[in-house]
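As structure tokens, the structure follows; a few thoughts come after it.
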Amino acid sequence: MLIAEAVGQQYRETGWFGVLFTAILVSFLLINIQRAKMGKNLYIRRIAGLNAIDEAIGRATEMGRPVLMVPGLSDNVNAIAVQAINIFAYVSRLAARFANPILLCCYNAAVFTLAQEVIRDVYQEEGLLDRFDPDSVRFVSDRQFAFAAGVSGLILREQTAATFFLGEFYAEALIFAETANSIGAIQVASSTEATQTPFFIAACDYVLIGDEFYAASAYLTRQPVLVGSLVGQDWSKLLVIALILFGTIFNTITVQSKTTKAWDDDNGVYKDVSERQSDPKQSFIQQLATPFLPKMEVERPKDPEAEASSK
Amino acid sequence: MNGQKSLGEVLQSLPKQVLYIILIVFTSVPLFFPVKVPNQPLESSVDLYASLMAVKPGETVLFASDWTNSTRGESLGQFNSVMRILMRHNVNVVLYSTGDAQAPRVAQDAIAKLNEERIAAGQKEYKRWENFVSVGFFSNGEATINGMGTSVRSSFNGKKDFAPGRGLTDVYESPILKGREKVSDFPLLIVVTGSKTSNITVERLSGKVPIAFAVTGVMGPETGNFYQSQQIVGFASGLKGLYDLEGLMEDGVNNPDKSGNIAVKSSKYGPIPGFPGEKNDGQGKRYYPTLHFAVGLLILAVIIGNIGMFLSRAGGRK
Amino acid sequence: MYPLFTYDGIKVTCGVLATVGLYSVLYRENKFYRFFEHLFLGLAAGWTLLTIWVENLKGPWWDIMVGVPPEKAGDPIGNGNWAYILLLPLGLMGYMVFSKKHNWMSRIPIGIILGLWSGQQIQIWYNTYGKQIAGTAQPIWPTTWSSLTVPNYDKLQLAPDALAAAKSQVYLSQAITNFLFLVTVVCVLSYFLFSFDAKSKMVKSASSLGRYLLMIGFGAIFGSTVLMRFTLLIDRMYFIWIEWFNNIILNRH
Amino acid sequence: MNLFLQSKVPNFWAQPFNSQGIWMGVLGGLLVGILIFLGLMFMPAQFRRPVVAFCTFIGGAYWVLLYIFPAPIDLQKTEMPTGPVESIGKWLTDANPVVVSISGTVTAFMLGLGIFSLLSIHLKRISRRQKDWAYSVILLVSLVSMAFFGYADYISRQGPDGTKLDLQANWGFVNYGRDLLFDGLLQQMDAAMFSVIAFYILSAAYRAFRIRSIEATILLSTALLVILSLMGAVAFVWNDAVKNMANGNDFLMNFQLTEIAGWIRRTFETSSLRGIAFGVGIGALAMGLRIWLSLERTGGGA
């Protein structure tokens, strides 16, 4: 059988639904970005942790002590690090206006490069390039706990007044938070790792939970692209909820029927079993996620070049 | 404030250093007095054990060893237990790492120690190249693992290991990798990790090969999420998972002991034997009792703080 | 030989000193801590410097570029692909970040890395979450009222087929659990709806319920992760008291 | 011909090891690279953003295309793909190692920037005799010695006798040096710093876990229940008590500590994590899309 001749057969093992669903999410985002760009006024709810940023910087200025920022421990420059740097660009802008010293500690060299470039840009745009010290954006270490030791040391020696831990944080989250707490710094924190959030909640003043982190730049800057994207994200979430609800109802109904297919290990086929409730694991929605198709073998013409070289 | 603090305030503001010293005492003293703690394994640990035992002898599994000594307390024990099961079960292992550049060395050191133990017990040595190959470290984990979903061979392209008498040789020359091009050619992928490489693996390889994890306690909850949705077949989480595993190696599952008692029951599986009499316990047994004291202290501290709060509130109302 | 004066004794002693040095910050920041902090940072950076070549460039770049001698190569034969040299100037563009005039060039390699990352997000989204969406959609109405909770199968002593049939039923307790699971996912997710006016009563109550449910979740996460932190401390104490004090200083085994 | 496979037969792109051809190729490629570099340096400013956007787009497009055209099903090495869809899929699959090594290599080059930043800060501090400059000396000395011993150790392990060094008896000076610095110090400090968290958890829990609000009470009581269930001894005693009380009643058996905690974890922990994960995942997808298509400028400025 020439599998390639049938349209969509390339998704036999992975399922076509995933590609379609992702395409819908992407179009939601793009449509809303377009809507916002066209000047539609879109609403964003209040996010408490973000209002605290101005307060924190104000206090640092009063005390004349530096603001410390850590854009998380991403292994490479990725959206989380970029988002953190976007928020820090906002923080640095305020700090630059108040001539408040900043310290931005990076875990990854590529993130460091991006941060260096972005923060310099911020100072340049504000026309305050003379206030920018390239050493204030620094690479500390790319080893998790060396980084933790280095940043703790910095917090204690520089007696930072405000600290921002935004991004990917793991076990070291609590080391930073408790160290900063011990010198009475005001802290705004967020980890995209939900498992660290309770520790931040215990030790920090303001915590952005989960997705609030991604909403932050839209909330702070109100750029149409970001706001539009945020609305698109909400649409996507509603779609996910709708799919879950639809799946639940569908599943609840189908499982009432008294015939199901069960895998017969001896013969290697699915067989009908009548006395048994239909298995929720083989429900329609499960099959959308992973198609229940046996592996197939495909005969194709031989490639003479590859055959020759494999000998 | 005129001098004297009330009891409530004292209870609420114990100096940190005092707490720290008590914690050191609580985590040190019990280490000298090991005791056996009763235990009931979690379902996820049983599933991990069952999936390891389900691999047929002579097969080759993929093994991502992504831990280093910073999580030695949990990961080393887990690694040892999983390896002991595979070794005794005569399963070959392809070790690779995307978590840390040091991870391959740490894993090899651990295997060397296990080999000493095997030789001392009169068992066959678990040989490099014939029983396991170390593929080494990949600096770009996400892309490498993603690539493995398409072809393991092209992801391992250019990686070498020591072959006896030949020096560094392409890993795919090893007999245990013969004919295993795709990830689905392996019966199981095991990840022992102290970092988020487990998530990356699930995101990119789930559905293509059965995946089993041994993760640190912190990662337990998010791993449980994958387990619930059947993206992975089983996992051991933290010291509790390790202690479960050590117990399962002793007792097996649905496996009656000499007096006919079944220590671990599971309706999912038929009888799965254990390895009674062999060296099964390690770190889990050493540390688990002590953990009770440390956690007990934590609970006590929270209670004291709350009592202090209520006392000073009651005092404030007068 | 007294074990303290062997290599292993010295090595373990160094480790103990370093551990105590870093612990000293718990009392307060001090010179001893500062010494070990800088030692730590230096060693870590040295290790990074080493891995740049040994792990990240030698094999994945240099060997592919210039090839490897035939006796060392496996399959494919180690011909060199010289075009890989083009990655060198690309990587070096990052270093232009310190230039006042050409600092924009550092955005090119960053852009490539970010591009590769962002493309993957689109690729992996459904593989990560699709199954979780499906796993959330479980039946929320029981198929049988013969027992309210899952019966003890061992006691029933059924034939294999009947047992499988009994196991395939959805009992009331399971339906309730599935329903609570569904409610939690939906409410937590609606807590993260940002662009809907919270005046809508349904959204408001769903999201405040979501917050409470989140707290149950966070409590459980805290509970199940806190043990691990103590495990690592216990491991350190084992290292100090047993591996060092007992085995080396007291020379007991 | 496929550019992306390491060819067995030498061709224009692939030359044998240590041949004249490979060095000519490398040299030529380097020249081209330098020209591109210079060209970019003197490029008019209005082209800068399009160039960056183009590079980003190409990078992302690879994985997106691979998603739409996945590897052909059951395609053996010696078989030819049939039809355009499979051909694209095969071509993209073959390109995989190249794409992987591009991102890996570019990242590796950037790592040097981190070291550069460290050196610049600490050398400045030493030359200006700023506060704590002596510690900067320690940092630099340990950096250099780690790199030296590490590299010497690496070299000594190359070659056919490399496995011998797995045994400590065969070690030389450099092997001991690396082992002391890495295993003896660096790894131990990693573990030490990691375990410091235990102290901080204790003080944070003592300070912050107060029953002040409904939310805090919910959080605290769930945490307590789960902690207790994971302590084998406590769980055993509780479960035993329940078993005795239940006396064969299956319904009461559900009140075993491990059952309750397990139920909470399955029902609420997993689900709330999942709720968060859906949101974060969509956030990352949106961010990835905006970055891929260069819809926003990093830094939030103009």
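Letters A, B, C and D mark the chains in the order given here, with residues in each chain numbered from 1 onward.
Everything that follows uses one rule, which is that a residue touches a chain if its C-beta (ideal position, glycine included) is under 8 Å from a C-beta of that chain, and two chains touch if they have at least 3 such contacts.
Computed from a predicted structure; not experimentally measured.
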- Per-chain Cα centre nearest the global Cα centre, belonging to chain: C
- Comparison of A-C and B-C (more C-beta pairs in contact): A-C
- Relative to chain B, largest Cα-centroid distance belongs to chain A
- Roughly how far is chain A from chain C, going centre to centre by Cα mean, in whole Å? 14
- Averaging only over C-alpha atoms, locate the centres of chain B and chain D and give their separation in whole Å. 19
- Centre to centre, by mean C-alpha position, how many angstrom separate chain C and chain D? 9
- Task: Pull out every residue in chain D that's touching 2 or more other chains.
- Result: 6, 8, 63, 67, 77, 99, 103-104, 107-108, 110-115, 118, 132, 182-183, 186, 188-199, 201, 203, 205, 209, 219-220, 223-224, 227, 230, 265-266, 269-270, 272-274, 276-279, 284-285, 287-289, 291
- Item | In chain C, residues with contacts to at least two other chains | 22, 25-26, 34, 36-37, 40-41, 43-45, 47-48, 51, 56, 60, 64, 76, 94, 97, 104, 107, 109, 113-114, 116-118, 120-123, 125, 127-129, 131-134, 136, 182, 185-186, 189, 192, 214, 218-222, 224-227, 229-230, 232-233, 235-236
- Message: Touching at least two other chains at once: which residues of chain A meet that condition?
- Response: 14, 19, 22, 25-26, 76, 79, 82, 110, 113-114, 140, 142-146, 149, 157, 171, 194-195, 198-199, 201-202, 209-211, 215, 230, 233, 237, 240, 290
- Message: Building nodes from the protein chains and edges from chain pairs that touch, which of line, ring, star, complete or other describes the result?
- Response: complete
- Note on the structure: Within the complex, chain B is touched by chain C residues 26-27, 47, 51, 55-56, 59-60, 63-64, 72-76, 116-117, 120, 123-124, 127-128, 131-132, 134-135, 153-154, 167, 220-221, 224-238, 240-242
- Task: Would you tell me which residues of chain A are touching chain B in their complex?
- Result: 14, 75-76, 144-145, 170-171, 182, 193-195, 281, 290
- Task: Sort out for me which residues of chain B touch chain C in the complex.
- Result: 16-17, 20, 23-24, 27-28, 31-32, 71-74, 101, 136-137, 139, 142-143, 146, 157-160, 167-173, 202-204, 206-207, 216-218, 220-221, 225, 228-231, 237-240, 265, 267, 283, 286-287, 290-291, 294-295, 298
- Where on chain C does chain A make contact in their complex? 22, 25, 28-29, 33-34, 36-37, 40-41, 43-45, 47-48, 94, 97-98, 103-104, 106-107, 109-110, 113-114, 117-118, 121-122, 125-127, 129-131, 133-134, 136-141, 143, 161-162, 164-165, 168-170, 178, 182, 185-186, 189-190, 192-198, 214, 218-219, 221-222, 225, 229
- Inside the complex, what are the residues of chain B that reach chain D? 14, 16, 19-20, 23, 27, 37-40, 42-43, 68-73, 102, 108, 112, 128, 138-140, 143-144, 146-147, 150-151, 154-155, 157, 162, 164-168, 181, 221-222, 224-225, 228, 240, 243, 288-289, 291-292, 294-299, 301-302, 304-306, 309
